[in-house]
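Quick heads-up: structures coming right below.
After this come two complexes, each holding subunit A, first together with subunit B and then together with subunit C.
This part shows the complex of A and B:
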């Protein structure tokens, strides 16, 4: 009898405990119900929203800040500058600014604010070497309430393209500056964009509300909440429960939800899955400058290139949602249609290349050359599902040709710092997208914060550097074409950037959301154009 | 009744022992039992359902799940056992020395133990892995560093009661050397205690190594490990939940078996537990009944 009652008490307690959990979850779902709002999930916090530095989340910065001009499919279009003139020698840009624009804190947007912002960026130019314009700006000048002159040291053709980027040449209210600077932190995050940041809980959430005074009309969606959900499974559950209702490929190219789960969401009717056109090239960067590593050897890099079965990666790992890439830039990218010869998936060729370069196999599993084994480390973003699978597939294939790959999954920011420090053999990366290709990606070849180390080890490194320097300043279109062809051929020949697939942006959105589109950059989304049916 | 008989007479314990023995045997002879190579990729069989050729289906790279499970026994169970033995012998030697000689030796060893035990176990293993880098060897090293102090402390207590026993005093009086006394008179009586604590620590360690591998800190790809298999299945948790079953069940079954055995062993050795209950007292499977001392972590 006593035993029975004990069991009864235990059972009741257990039921109550479970019921308690359920109730708590329900409340949470109720509170997070978005209605006519968007709640998007992100793997990482929006971080420091200072637009003149780089830790912040780009989609979030894209909502708050705006640039002078916008890069669209039809070329450069006005944004905060209504019109502009370029002096005949190509060194002076005169911008006529849009009138009646105010920052979120009520400050007027005028030529003075533009000058202060650009000066603040220039005072921290070491951080901005990847954007070549930062080394070309000689002066900034206010010539009227709404006229601003940008003076360059020499003509630089991608100037407008680089001014259109999400950062750093975007505008923050001068009131937020600290001692007239932005490099050591700012007091507030007031931009001119369609949304303003109203609340930020680090590593939890951030709230953006529509800017009622936005110069281009108040956006339809009144509130956008960003929720930090580090893993794909929680994001998927949150989508099902309605805690979040919007997910997209983040600025590091990470899709946290697997394609099948996304398709299932779309089938339910509550969600739609929208994919952009191919925007970038996902690739493996080989660090030719890494001392004492087999990756210095061109034959090894070529062998890796030949040993990757891109068709299988595209059809199996990406379920046919991405296409195999044969070159660093696909041929629809400006200046990139130069007929480079793709290296096919050919294991025999790979083995022959290794053999010819002196990497021989005598019985052991791993090839050796001068007593050194053919072992390299491939770094991947631990948050990305596809990268690990790709890495394991490649690891398995190259094992067959006597190459040993060690895999190491790391946080995306740790991968970025490895790239900057040159502390890697191979790592996963992607080109920067239509708006940035080829000029910014190419110019990043020589930037210390990007691919400087990867390029360093090739025989034509110095020459390549000069060519890149020249291609950015030449005004002769034919010469520019020839130089780009030369640069791209060199890095292709040297097999520095081993392409995998052409990546795109994926958006999972509520079924009744319309106006989902993409910008020319993979780093932000035009939220202001979206609305509910 | 011998301990051996007592344990076999209980059905659950007998089954548990059989399971452990079988798992260990499968792990040691993995190349003969695994139907395929655990690392052979077949992309065309990605996420294929179980078939006669691949009894448990295929994973995200089309590798045979059954073969990976069998090869996974090595790091998940056998290497853990090895790490356990290393830290046990290390802790055991120090514990016996401290308990037998007392005085300054005891003081010194115990203060070092205190220092080691004042660190939270999980945090320390994470820190060690953080310093040495991910990898199964480093986790095992972390385990050895973290566990020996706990073993030393428990074994010292156990040895202390025997060190004062009359027969040990007699042995000392007739001039038998310390080493001989420890070997002949102390170790045999302390062994049951050692067996109980080590078996209960074994279950926790299996869980911990799977946990760390699940976090991606343990064994590195392409080698198979149960925690890592769980992590790989996690990405497709909602589209292919069945992939979590095999490694998940394997962990649950082995850890439960180890804990049942540990409880039975304790009951068989401890006269107090025998008086109160006819059958050996059992813990709740995954949560072992801790013999004495603090939490093993």
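This part shows the complex of A and C:
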């Protein structure tokens, strides 16, 4: 018996010793960390950081690369270009580049580098069709060491906006190019931005160190470490322990921890939670062009709009993290503050609209019109918990007004294929986001891979298409305003895009961090402006 | 014995070919256009027909299915599983390190599981029905029934956050192994310990044990003989535990942010990175076949009767 207890005690001691070793090592790691560092958790690896392709993490690319101009709440501001002129016909942009800027590898940033980068992007233009500018660039020209000309085939008003985006029109050291190109991979990731990538362990971590030669002054935070951690409990516990001290909404719109966990961290005093203004709108797209479907009927689309309880969705499903959306674009989106009248949650009105349109019912049954039942399918992204819950809530509500909604969860690629093929009644989607709107979402109205089918069924479809073409090229600001107002009013009245909630970005940061803000380009954060108190 | 080894190894080859074919075919049963999947996986915001056609040609998707399969199989034999749809880098450069990380975790866990289950299995068999036997079985039943995700979260909370002894996740230091290995050991040792215990117990009542006792052999020698005979089960258990754990570390890996196969596969499935998924299934299936064959070979070496039966 004594022997056994000796073995037991020995085993326990061994385990404690092992654990003790680990703890010592761990504390050392903590002790070696100065207070000027941020460690942020993310679900996805930073991936390929080539800024001229799309697999990379946008927040990480935002730290390393910069564009010619910056999109701010006050409009377009200088960044790598100090100033610019636009020719009277709107087709030639002359940029005067900032002098004394170098890439992280020491190469000079000049007009030649700008030309090489833009040319490299254009050589792979098939991948950049989403950004209309890629189809308008006719030529690039170096006219001086720091003067560069961008020549367009026709005037295009969002040119500067699209040049300000995180990708693809940002600048990589030409030394990193492979055979003068970037489309088949690059040799390094040297940008001009405030942080340099110094270490990357795939699916584990990445380290960004402050660029001491940054043209706008060395950033206060000396080091930013990216740690790949799963969402939920692990990240929450790592935040509690201090192994990571920063999390934010990622570029797929997902938060690493839920609202309750955020509140608990904020209550502890060690962390603060900062939310951005509305960044995008989550919505249901109604396919007006779907043959033989009740969704062709405007009254049905309006009834769905009136039958959605957005307050409950925002407060219950999103725990107050999102806000109810009344229109396709929130009023802080350019050209979108035109006073459209939101359709309130009103089941009686929904029923009345259906009755007037000839959708009748007897008792509790599904409504019918000309022998056809009021049945539709709503497609949601099977990976999204919130979409499923929202869909179930809506399904339950519309049942009360005699509408039968079938729900079908699919993966996001299948949903994108359906959207392109027009093979749906209703599906969940979202707008592009503050920096891209209204132009990107509005361009998508007529794009065959996006909302072409959804718009096709309305009476003003052709006219809308012409207006969208025109709004992108007109150089007359007043005319543009009027055109946008008309386009947005049309889709609002036709109830094609049924808004649900406005999404925003959330940052959980150490309580003593200041200067936390957001960029218009949505998924990058201005780390260079942050500092510890 | 040599003949047995050759026969057994040859049997594994057609099995692997069938598995490889199924893996390849299943991925191509997906209703989605592979070129479109590649472009989506790369995050291209707008996919046009021209781009799809260009990608199809670049990937060689326009060739007949069987030719593509033969090409793929030939490259797989050279450990060339193609390029990842998402990163564009060779699959092996992603799968290799991930496999190594998971193997490290698996091997340490399997050794812990083996030590614990063999030790406890023998102890409990020898003390059958006594308090020790009953309490060990009770505790192991309790521990095995706990969901590993919950157990992992609880252990991180207690040992990492509250006591501040261990890191919450990752494999930056050797201390990072302690929690995931403990969770895996707790989840599996209970199952394997029962197998060893019952195999030992079955030896207790064999004729040779009775005969040895009747001859007056010392109890220690009898136990050793019984142990050798029940080793066959232990070998099978060990060999099958490796691929089983290799394929089921997903939960533990994702909770402990272990950069292994589990995390890689989940991301690949979500991103529809078919080349990585194919390679993963193939590697896992191959490891089942290899370890199964290995277990048969060791058992045949331990028990000559098995060689004749074949």
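By definition in this document, the second predicted complex is superposed on the first by the 336 of 533 C-alpha atoms of A that agree within 3 Å, B and C clash if a C-alpha of one lies under 4 Å from a C-alpha of the other, contacts with A are read in each partner's own complex, and residues count from 1 in each chain.
By definition in this document, a residue touches a chain if its C-beta (ideal position, glycine included) is under 8 Å from a C-beta of that chain, and two chains touch if they have at least 3 such contacts.
Nothing here was measured: the structure is a model prediction, and the numbers come from that model.
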item	value
Which superposed partner A:408 touches (first subunit B, second subunit C, both, neither)	first
Which of subunit B and subunit C A:202 touches, first, second, both or neither	second
First (subunit B), second (subunit C), both or neither touched by A:185	second
Superposition-derived comparison: subunit B or subunit C, residues of subunit A touched	C
Which of subunit B and subunit C A:222 touches, first, second, both or neither	neither
Touched partner set for A:316, first subunit B, second subunit C, both or neither	first
Which superposed partner A:395 touches (first subunit B, second subunit C, both, neither)	first
Which superposed partner A:233 touches (first subunit B, second subunit C, both, neither)	both
Overlap of the subunit B and subunit C footprints on subunit A, listed as residue numbers	233
Of subunit A, residues touching subunit C in the complex	18-23, 25-27, 29, 44, 47-48, 53-55, 126-127, 129-131, 185, 201-205, 227-230, 233-234, 237-238, 240-241, 243, 383, 411-414, 416-417, 420, 447, 449-450
Contact footprint of subunit A on subunit C as seen in their complex	31-32, 36-37, 39-48, 50-51, 54, 86-89, 94, 97-98, 153, 156-157, 159-161, 163-176, 178, 254-257, 259, 263-264, 267, 270, 272
Footprint of subunit A on subunit B - complex, ascending	39-41, 43-44, 46, 60-61, 134, 216, 220-222, 234-240
Residues of subunit A defined as touching subunit B within the complex	231-233, 236, 258, 260-261, 264, 309, 312, 316-317, 382, 385, 388-389, 391-393, 395-397, 399, 406-409
